[in-house]
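Chains: A, B and C, in written order; residue numbering restarts at 1 for each.
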Amino acid sequence: MIALLLATLTQSLTLIPLALGINLSYTLLRATDMTIDGSFVLGAGVFAQLVTMGISPILAFLVALSCGAIAGAFTAFLQNGGKVDPLLAGILTSFILYSVNMAVMGRPNINLLSTPTLFSGAFAHSTTLGWFSVALVVGLLVVAFYILLQSRLGLCLRAFGDNPALLSRQGYNVTYLRVTGFSLNNLLAAASGAITAQIIGYADIGMGVGMTLIGIGAIVLGQHLILPFIKKHYLRAGSELLAAFIGIALYFFILNGLLRFNINPIYLKLLLGVLLALFLRTATRKVSLS
Amino acid sequence: MKRIFTYLSLISLLLLTACGNKQTTANNNAPKPIQIGIIIPIEHPAMDEITRGFEETLTADLKQPIEFQVMRAQGDVNLQRSMILQLQNKGIDLYAPIATQPTEMTAAMIHDRPIVGLAALLPESTRAKSQLALVDDEITPTQIIQFIHAIYPTKTQLTLVYSNNDKMAPQVEEAIAAGKTVGIQVDKRMITALPDLYSIAQSLSPQTQGILVLKDVLVVSGIATLSQTASQKHIPLISADDGSVQNGSGFALGVKEYQIGVEGAKVAEQILQGTPAATIPTVKMTKLSVFINTKALTAQGQDLAAIEKEAAKDNYAIVDVTNQPVGDLK
Amino acid sequence: MSPLLQFEHITLRHPSLERPILDNINYTVQKGDCVVVLGANGSGKSSLLKLLDGRYRANDGKIILKNKNILSLSSQKRAHCIHTLTQSAKDNLFLDLTISENYQLIQKRNKADAIDSLADYLQAFNVNLATKLDVLVARLSGGEQQALALALAVLYPPEILLLDEHTSALDPKTAEHLMALTARIIHERHITALLTTHNVNHALAYGDRILALKEGCVHDCIERSDKQNLTAEMLMARCY
């Protein structure tokens, strides 16, 4: 049981920034941003390429985050002032990003096994210290994200998702908010990609496939479990964070748990899919009532 | 009501998963078999062949009982990570990931157990940190060009069809360079999608004396198109893997996937007998095979005898795959 | 009294319609006036308001507000001087935000000092919102939503307040309350307002002047002095 929990914890940890990013786009901005599939790989690829070139891991990490943000800004730009559906714009960007990622990486797979990374020193010391350093970086991102949610910008992004037309009539620059929102969520996805690459030992062109859907599934799952118990709306930002954590952890808990039954992985995906569909059904029912 | 049902189903699922991992601690008294974890990243007949070669050779050679745990990740990176973690929990003695990407992931996650990467190519420097041994299955385009030149010493014009896959670019360059040294001009034609293949096949240079395809997934999946052209023009279609020969290529110089497993099993044996994995040099596939399709060769107007003669000279095994169903290479 | 807002030759066309939606409208609004715009459905009264807040773009003409043609201003600059309330709460408020978050968005935009107590401020609007500051606006009743929208609209009084049938989605009693509240607030605070309604009684009771539109043209202008002699029936006859 402890092994199961540890496996869940370590797997969830690297995807928490991604979950926060999806929380931002899906819950706050109310858009399904498929760019994330591409910017996850972009973050991993840029980071891997830069550290392979001998650039310091910290700098490489920051550049990887910025590249994610630029990809998000591009998606926002494609939406052309709200006239193009964010889903379409995101799919288009993620389509383009495949070529960009290939160009950045120069090959489909960059390996980081013998390259110094943000965490390689700590992992060389001990696995516990290694995971502690990962938790530290993820923790910093979480705190920064929480401060953002509670800030004026966070409120504006939430208002943007709720009613961009009204926000515009109240005199806010919605184009700026759209660019900021999409940049931030892809920055977080790129962070997740860069951290994942360091843990799994490589950046791969195909590593982002399906990440958005896993993330949305996990978030909906988490929110469905948490939000009914949260009556105070000033706790909303905190409970959304908690929902993201619980959702992603539950996803991996179930995945790791089902694996222990020696179920054929073909049915494993079916089972996971059915479970998520069940939650999505009940969750959407709740929304349509209110 | 519906929500209660959802919660109930969730809780029961969690309980089930919590109980599920108890079944692994069943028999403690029996002598503990050697546990070997095989990680298959995606469903593909070639992967199964490698696995079969590995399992059969190791079972035959080792006198101890062995338990193989085969993990199939279905192309899902997250699932693959969970599977490696699960193997780690089971206390696996040796890991055998297939292909480069799963080998990288295993090497990044497992440091205290030996790993034999099958059909994996990684820089030597990466082997230092983990106990990693490698079996590299790549054969060079130079080997293929030289073999072609030996069979057809008079041919001077070849068309190389390849896709825009990044992995192909350096191999194409190598093929062109190798062609120059033996007096063959290699004319390169790139496709970006499968439909391109048809138009390329229709617009081949009339001087071309053969079509060459490397180990290139996209082109190989459309090999039938090129096979038709080769038959019309009575020129050979030459490739670098067995699957394309089954589908209409005349012949190929390549590696039997089963053999990769066999080589991997030999490395695993050495490790289990105490040789540190990192000290074992990367195994290159020296035992090459020539796969032939007699029907296709006849249609392309090619002489089997010349191929057999050269194969015998280079000590390559001849494998006739003419009537074998696709994907089933025993 | 001085002219605050002047419509000059305002024309609005829709490509699919032969007749212009608004045809050469000229009208002047004095500072502090509450002008009621009357007219049948399709007479163009809502379109007139939408031109002001930027939801529609005029084909021709000018709207002068304090010596500036507001049609050439960006929607953000326009937002500083014009505020609109419509009948639909989702046009007026962020439904998925709380009352205090809606307030924060207005307050910060105006870069004004925060008021001491939002609860105390809301007391003046007759509805008991003070205890619900952390409740999502979507959970409030229709009357509460419109009262809140009004309260937030006049928190930092705009040059022009546009009320586009803002009571018509409410039940008659609530609508009556809200209309009385609106009239009291705009008179107390000397707010210039343009109001559209189908209720001629409201128009008589609360409008300083009445502008009647018919088929996109100015049909009738009723000044403050004329208004006293009119009954609802007479107004109905004149305007429709």
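Methods note: a contact is a pair of C-beta atoms (placed from the backbone, for glycine too) under 8 Å apart; a residue touches a chain by one contact, two chains touch by 3 or more.
These figures come from a predicted structure and were not determined experimentally.
K.L.:
Answer with line, ring, star, complete or other to describe the graph linking chains that touch.
P.N.:
Graph shape here is a line: each chain touches the next, no loop.
K.L.:
Please give the pair of chains with the highest number of C-beta contact pairs.
P.N.:
A-B
K.L.:
When you average C-alpha coordinates per chain, which one falls nearest the overall C-alpha average? Tell me, please.
P.N.:
A
K.L.:
What whole-number Å value describes the gap between the mean CA coordinates of chain A and chain C?
P.N.:
43
K.L.:
Using mean CA coordinates as chain centres, what's the chain A-chain B distance in Å?
P.N.:
33
K.L.:
Taking each chain's centre as its mean C-alpha position, how far apart are chain B and chain C in Å?
P.N.:
A distance of 73 Å separates the two centres.
K.L.:
Can you list the chain A residues in contact with two or more other chains?
P.N.:
Answer for chain A, listing residues that touch two or more other chains: there are none.
K.L.:
In chain C, which residues are in touch with two or more of the other chains?
P.N.:
Nothing qualifies.
K.L.:
Applying the document's contact rule, which stretches of chain A touch chain C when the two form their complex?
P.N.:
152, 155-156, 158-159, 161-163, 165-173, 232-234, 290
K.L.:
Contact residues on chain A for chain B in the complex?
P.N.:
Touch residues, chain A against chain B: 1, 3-4, 7, 10-11, 102, 106-109, 111-114, 199-202, 204, 206-207, 210, 214, 224, 228, 252-261, 264-266, 268-269, 275, 278-279, 282, 285.
K.L.:
For a test of understanding, state which residues of chain B touch chain A in their complex under the given definition.
P.N.:
2-3, 6, 9, 13-14, 16-18, 20-21, 23-24, 72-79, 81-83, 85-86, 89, 100-101, 104-105, 107-109, 122-123, 125-126, 128-130, 165-167
K.L.:
How about chain C: which of its residues touch chain A in the complex?
P.N.:
Interface residues on the chain C side: 53-55, 75-80, 84, 90-98, 101, 104-106, 108-109, 134-136, 138.
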